[in-house]
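Down below are the structures I want you to see.
The same chain A turns up in both complexes below, where it pairs with chain B and then with chain C.
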Partner chain A sequence: MSPTVSPGELDERAGVDPVARGLWHPLVAVHDLRRGQQGSAVLLGVRLDYTMAGDGSVSVCRSDDHDDRRPVQIAYEIVWTCLDEPATPLFETPEALETDRRIVHAGTIGVHVSAPRAVENFLDMAHFPYVHTDILGAEPFTEVEEYSVHVDPDTNEVWATDCVFWQPVAATTSTEGQMTDYRYRVPHPYCVVLYKTTPVDPDRFDVIALFCRPIAPDRIEAHMFLALLDADNSDADIRRFQLTIFGQDKPILENQFPKELPLDPRVETPIRADKVAIAYRRWLSDLGITHGVIPAA
Partner chain B sequence: MTVGGWQPIAALDDLAPRHVFQASLDGQELAVWRADSGELNAWENRCLHRGVRLSIGFNNGAELLCRYHGWRYATGTAGCTYIPAHPADAPARTITNRTYPIVERYGLVWSGREVDGRPEEVAELGAHTLVLRALPVWAPRSFVLDALVDHRFAPNEGLDVDPAEVEMTCDRRQGSIVLTAAHGGSSSTVVYWVQSLDAHTSVIRPVLAETPDDVIAVLRHHARALRELVDRVERTVPSRSVEPQGPLETPVVVERSAGSGPHIEVRVRRKWWTAPDVAAFELTPLAGVLPTPQPGSHIDLRLPNGLVRQYSLTNGPGESDHYRIGVKLEVDGGGGSTLLHDVVTEGDVLTISGPRNGFPLRRDTEHTVLIAGGIGLTPLLAMAQAIRLDRRGFELHVFVRGEDALAFPDVVESFGADATVHVALSPAQTAGRIADVLVAARASHPGALVYACGPAPMLDVVRATAAAAGWADPAVHFEYFSNHHEIDDSTPFEVALARSGTTLEVPAGTSLLEVLRGAGVALPSSCEKGACGTCAVPVIDGTPDHHDVYLRDAERAANTTMLSCVSRARSDRLVLDL
Partner chain C sequence: MTIELYDYVLSANCYKVRLLLSLLEVDHELRTVDFHPAREHRSEAFRRINPMGHIPVLVDDDVVLRDAHAILVYLAAAHDPTGRWYPTTDARVLGEMGQWVSFAEALMSSASAARLHVNLGYDLDVEAARRDAHALFRVLDDHLWFQEKAGRTWLCSPEHPTIADIAVFPDVVLSEEGGVSRLEYPAIRRWCDRVKAVPGFDVMPGVFGLGMS
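Entry: the complex of A and B
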C-alpha cells in the first residue's frame, strides 16, 4: 500500500508517469482566479505557481523554478497545463461551445482517492439507487440493462452508449421520474464526459463532465463542468444539485481500498454492468498509465 | 507483524443490533456484525466488487449489504446472495468475502488468524465478570504488555486506598496479564488482554473477575488508572508512528471448504413429517461451512442406492448452518423418496452437491405473486422469507389436496395474511382461482412478478392464464415440479485438449469450465459470468461462440481465446491449447 500524502504535500513518486506528464490537466477554475493574484497547486507531485495578470492572461510555472514556464490554455472554465511538452491536444467537446447552453463550473472538490477511481465511479450506473437514493435512482429499480462499449479507433476514446436507467429526479429541470438515456465518454485517463437526456429537448443532451487534477496517486481535486439546456434554474440551484450528488459520492470514494485502481481484472470481481469499467481499465493498461493505478502483473 | 493466537477485537456490547462495527487486528481491518440469530461475523472490511468498506454497509439482520451497489452477503458464509444490478441472475458461488474466525468469551469478541478451539481459559474468570472500559494506546502490543506488569489499582472494596499501600501480584500468561490488588483482607483481580490494531497501535481490554456492588465507581477507578498507564506508555514508547494504516488487501477470493468440491458430506440433524406424505430434513455439514443458499436454489441429493434427486432449499435469509428440504413420497417415483421416507434416519450421512440456482428471485419489484402446487411450495418458501426481510409486498398461494397436506405449515402461517392456502379444489376450480389471483394482482400491481412451482398441468394453467390476463412473458417465472429444469438450449460440442491429447464432450446445460474442471484441468475462475477474464483459455482451432463482456471485439473476432465459464462453440469442435 502506498503511503498517503496530505493535500498539497509533494510526493516525488507522483511525477514519474511519463504518459501522465504529457497530458493537459486541469489546474484551477477560472472563477477562482483574481487579477494580479498568485496561487499554487500540486499536479502529479509537482508544485506549480499560477498568476493572473492585470490583462487577464494566466501564466504557470514550477514553484521550484520560476523560469520553467508551463504551457497554459483556458477551456471548460478551467486553466489547463502540462508538466512536459503536451503529447496531444486537449480533447474537444463541441457542445460546450454551443451558444444556447448554460455553462457552469459547479465546483472543485478535494477527494482522498485516485483519479481513475473517481472516473470509474462517474461511469457507474449501478450505484444510483444506493448512493443517490431518490435522486438518480431508487430501489427496487436497480437493474442495469445491457449497453454498448467501444473504443473509438479515430480518437482512442472509450465510449459507453445505449445506457438507460430509471431516475426519480434526473436533473434540476425534472418534474417526475423518467428512464434516462446516458452516453459516457472517456477522452482522457482522468476526465470523463456524460451526455444525458434532458427533459427540455428530446434530440439533444445535457453535458456533465468530471475533470480530475491528480495531486498524488491517491489524492485529486475534481472539477465539475456542465453545459446544460436549462434556461430556468439559477447557477446556484445547478451547483447545489451537482454538489449534492458529488457529496454523496465522496464518502464512498474515500472508503474504497485500495485507493489506486487495480488494473488486474482478478483483483476485484466485476459483473456485466461493469462493462465500461472493464474497458476503461484495459484502456488505461494499453495507454501505459501508472499514476493512480496498480498496474496488472 | 502477525501475532497469532486469539485476540479480543471488540466487546460484545459493541455489536449493537443491525449495526456493523469496524475492528482491526494485526493491521487487517474487519467488518464485525451480529445477525438477528446471534451469529457473529468477522469479515475482511472490503466488498470484493469495488473495494468499499463493508463497515459502512447495512446489517439487515441476516445479510450485510454493501453501501455502494447493494450486493448482499449472507451471515456465516459471507457468500453473495443477490446483485441488484442483475436481478435475474443468481450470483456465482465464487463471490464470497473473506471471513475470519470469531467467538465470544468473557463478554469480549475474539478473532485471530489460523486459530482453532476457543480463547484461553482463565480460571479467575467465573460467571460474574465485568468488562471494563477498553482504551486504545499508541504503542505496539508487546510494549503495552510489558508496561501492564507494573500497573496498579485498588481493590473493589477499597477504592480510596493509596495505590502505594496496595499489594499487587502479577501473573503473566500466554496472551494476558492477570493482576490482583489486595488490601486489608479484600482483593480484586483483573485480566488484561491487549489487541494489536496494527504494528504501532493497540487496545487494552480489561475484564474484572467479580462484578462489584458499585459498578460505576469501579468503572471510573479503572478507567482513570488505565488512562494514567496509557499516558505513561505513550510518553515512553520509542518510535511513534504518525500514519494510521489503511486496511490490508487480499485480492482474489477463494471458495471455502465445504463447497470447494463437487460433493459435500452432510448429516441428517433432524427428520420430521411436516405433512402426512412429506418428510422434512435438516442437513448439516460434517466439516466446514455449507455454501450460501439463495432463494430458489436446489441441491442434488445422492442417495445410498446410487439415485440422484433434486430438492429445493426452503432456507430463509440468515439460516446458514443447515439446509432444509421437503421430500414428498412419490410411490411410483423410482424409489428416491421411498428410501428417504423409510430408510434414512437422523444421524445418517448423505452426499449432496453445492446449491445451484435455476430459479433465481428478482427483487426489483414492489410486489411478487408466488403460486405453489403441493410440494412445489418449497422454493417459494425461501423466496417469501427473503421478500419479507426486504419488507416488500408478496402474496403466496398454495394449492393442496387436503387440509392436512400442507407442508411446513408453521412457516406458511408466519406469513399471516400474505399467504392463502387453497384446499381440495378440482382442476377446473384451481384454474378459476389462479385466474382470479392473476387478474387481481395485475390490476393492483402492474409491475409485479409471478413465480410458480408445481406439477406441469398446473404450471400450464398459470402460463396460459397469465398471458390472457395481460402479463408480459418475462414477468412470469416457472420451476417445474421436482426441478425439471428447462434445459439450456445451447447445443453440445466437442473439445480437444491439444497438449494432453484428450477429447471431452460439453453437453447442453454444462459449461466448458465445468467440463474442464471435471477432467482435472486446474483452471482459475472468479466471476463465472464472463466479466473478469480469469478463466480465459487459448483456442487453436474451431470457432467459439462468445457470450462474455470481457473480450474486445477484435479479440472476439480473432477466435484465439475464449472465456470458458460462459462461451460455447459455433463449430462442432474446438481445439484448446491446454
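Entry: the complex of A and C
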C-alpha cells in the first residue's frame, strides 16, 4: 500500500492530541506486507515507515527519524502501532481467537471523513433501510426499537445492547430475511465492534469490526475485520458483501458536515435512535480526545 | 450457457458492464475476483482468462472478451434486439460513440485514478489527476449543455442513450470519491439524473438511484 496522503497534505499539528498519541492504532493490513519490502503510512499527521523483514517480523519507525522506532503488535490481521508509549493495552476480542471462525480482513479503504464520524455511522441502525436498501434493511421496517446503552465500568467501553432490526440479507450465509439482534461495542475512540445474530447458529454471534487509522482530523483509512461463522462462502464473496456495504456508506460519510464530530450536545440535535451516539460523544469528551472532533466549549 | 462476468464490486469498469447487462435484462452470473488483497487478477489461473491481468472479462459461450468498452460493444451488438444501444447504420453516430468511448478512457487516467489514490492508496500525482478530470468535465459539461440547447438528451445524436453514455457515466458519477466535485457542472448533474432514470438502471456501492443522492 502506498500513502493515501500526498506530502503537501501532511499536517504535524494533527499529531498533538496526547490521548490519541497514547493509543494503539491500525497501520497496515498484514496481507499488504511483503517480506523484505518497506512501506509508509501517515498516522495522526506523522509519516511512519514500516518494514517486514525476511523472517516475517515487522518494524515501524518515524520517516523523519529512523532511530525513533515505534512499538508494534499484530492483532486482527493488522499491524498496530503507537506514536508515544502506549497508555493502555490494545482491546481484546475473544471471538477473534475462536478457531472455528472465518477470520477475514475484508478491506482497507481511504475515506475523507474523521474517525469519530465513521464510528458513529457504524453505530447507527436507522440508516439501514435507506443506505443499505434490501440488504441490511428495507422499507417499511424503518423503526429503530428502544435499546440499552451503558459504559462498562471495568473496561471503560461503550456498549449498546438489545438492539433489533429486520434485515432482508443479514450476511453471506442468509437464505431469508430475519430479525437480527445486535450488540455494539466501542472499545477505542476510533474502533467499533458489532456482534450480530448469525443465520447458522442461534447461540453465537458474527463479529464485524471497523478499525480506523486517523490520518488527519478529516481523513482516515478504514480497516474492516470479520470473525464470522460461515463455512461455505469464499473469502472473495465475504469481502464482496462487506465492500458493498462499506461502499454504500462511503458517500454518506464523505458528505457529513462538519467532517469532525461535534462533541457539544447542543450542536446537533439528537433523536432517540442516537442514544448510543450521545453516549459515544460524551465518552470521547470524558477521555479528552481532540483529534477528529470539535471539542465542547 | 449463461453469460459469466469476472467482476469486482468496487470497480468502475466492471460496473459499466453490470449496468448494461441490467439495462438489457440479460441473465448472467458474476464471478467475483478477489482483487484486493488476494490480487487474484494477477494469478496464473486468471491470466489464462485474461493475459493482461485486468477485470472485467466477459464469457459468452466461446466468446471471451476483456476490456469494458469492448464488452459494451459486444453486448449491445449481440444482446440488444432493438439495436439502439449500439446503432451501426449511421456513420456519424458510430463516430460519436467512438469519440465518447475514447473520452471514457481519458477519465480512467484522471477521475478514476484520483479515486483509486484516495480509496486504495495508489501512488500517483493526485493533484494532476484531479486537474485533468476537471478539464474533461468542463468539456463534457459544455457538450451536454449544447446538446440540451439542441433538444438532445444524451451524449450522441440519437434520441436514446447509447453505450457511450454507459462508458462515461461510472467514472463521472463516482468522481466525488476521488475528490473531484461536480458542483460546477450543472449539465453533467442533469445528465447523471437522466441516466439513473433509464428503465433497468442498476446501482453500485457509492452510486445511489434517483431520490437518494
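As a working rule, the second predicted complex is superposed on the first by the 289 of 297 C-alpha atoms of A that agree within 3 Å, B and C clash if a C-alpha of one lies under 4 Å from a C-alpha of the other, contacts with A are read in each partner's own complex, and residues count from 1 in each chain.
Everything that follows uses one rule, which is that a contact is a pair of C-beta atoms (placed from the backbone, for glycine too) under 8 Å apart; a residue touches a chain by one contact, two chains touch by 3 or more.
Quick caveat, the model's predicted, so the values are computed rather than measured.
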> Touching A:130 in the superposition: chain B (first), chain C (second), both, neither?
Replying inline: both
>> If you tally the residues of chain A touched by each partner, is the higher count for chain B or for chain C?
In response: B
>> Taking the superposition on A as described, I'd like to know which of chain B and chain C A:287 touches: first, second, both or neither.
In response: neither
>> Just to be sure I read the superposition right, which of the two partners does A:19 touch: chain B = first, chain C = second, or both, or neither?
In response: neither
>> One more residue to check, A:96. First (chain B), second (chain C), both or neither?
In response: neither
> So, does A:144 touch the first partner chain B, the second partner chain C, both, or neither?
Replying inline: first
>> Taking the superposition on A as described, I'd like to know which of chain B and chain C A:72 touches: first, second, both or neither.
In response: neither
>> After the superposition on A, what does A:61 contact: first (chain B), second (chain C), both or neither?
In response: neither
> Given the touch rule stated above, what does A:274 touch, chain B (first), chain C (second), both, or neither?
Replying inline: first
>> Quick check on the superposed pair: does A:266 touch chain B, chain C, both, or neither? Answer first, second, both or neither.
In response: first
> Common interface residues of chain A with chain B and chain C?
Replying inline: 1, 3-4, 130, 251
> In their shared complex, at which residues does chain B touch chain A?
Replying inline: 46, 48-53, 56, 67-70, 83-87, 94-95, 243, 245-249, 251-253, 363-366, 392, 524, 526-527, 529-534, 549-550, 552-553
>> Give the list of chain A residues in touch with chain C in this complex.
In response: 1-4, 6, 8, 29, 31-32, 105, 107-110, 112, 130, 221, 234-237, 239-240, 243-248, 250-251, 254
>> Quick check: in the complex, which residue numbers of chain A touch chain B?
In response: 1, 3-4, 125-127, 129-131, 139-144, 150-151, 251-252, 255-259, 262, 264-275, 278-279, 282
>> Give the list of chain C residues in touch with chain A in this complex.
In response: 8-10, 32-34, 36-38, 40, 117-123, 125-127, 176-177, 179, 204-206, 208, 212
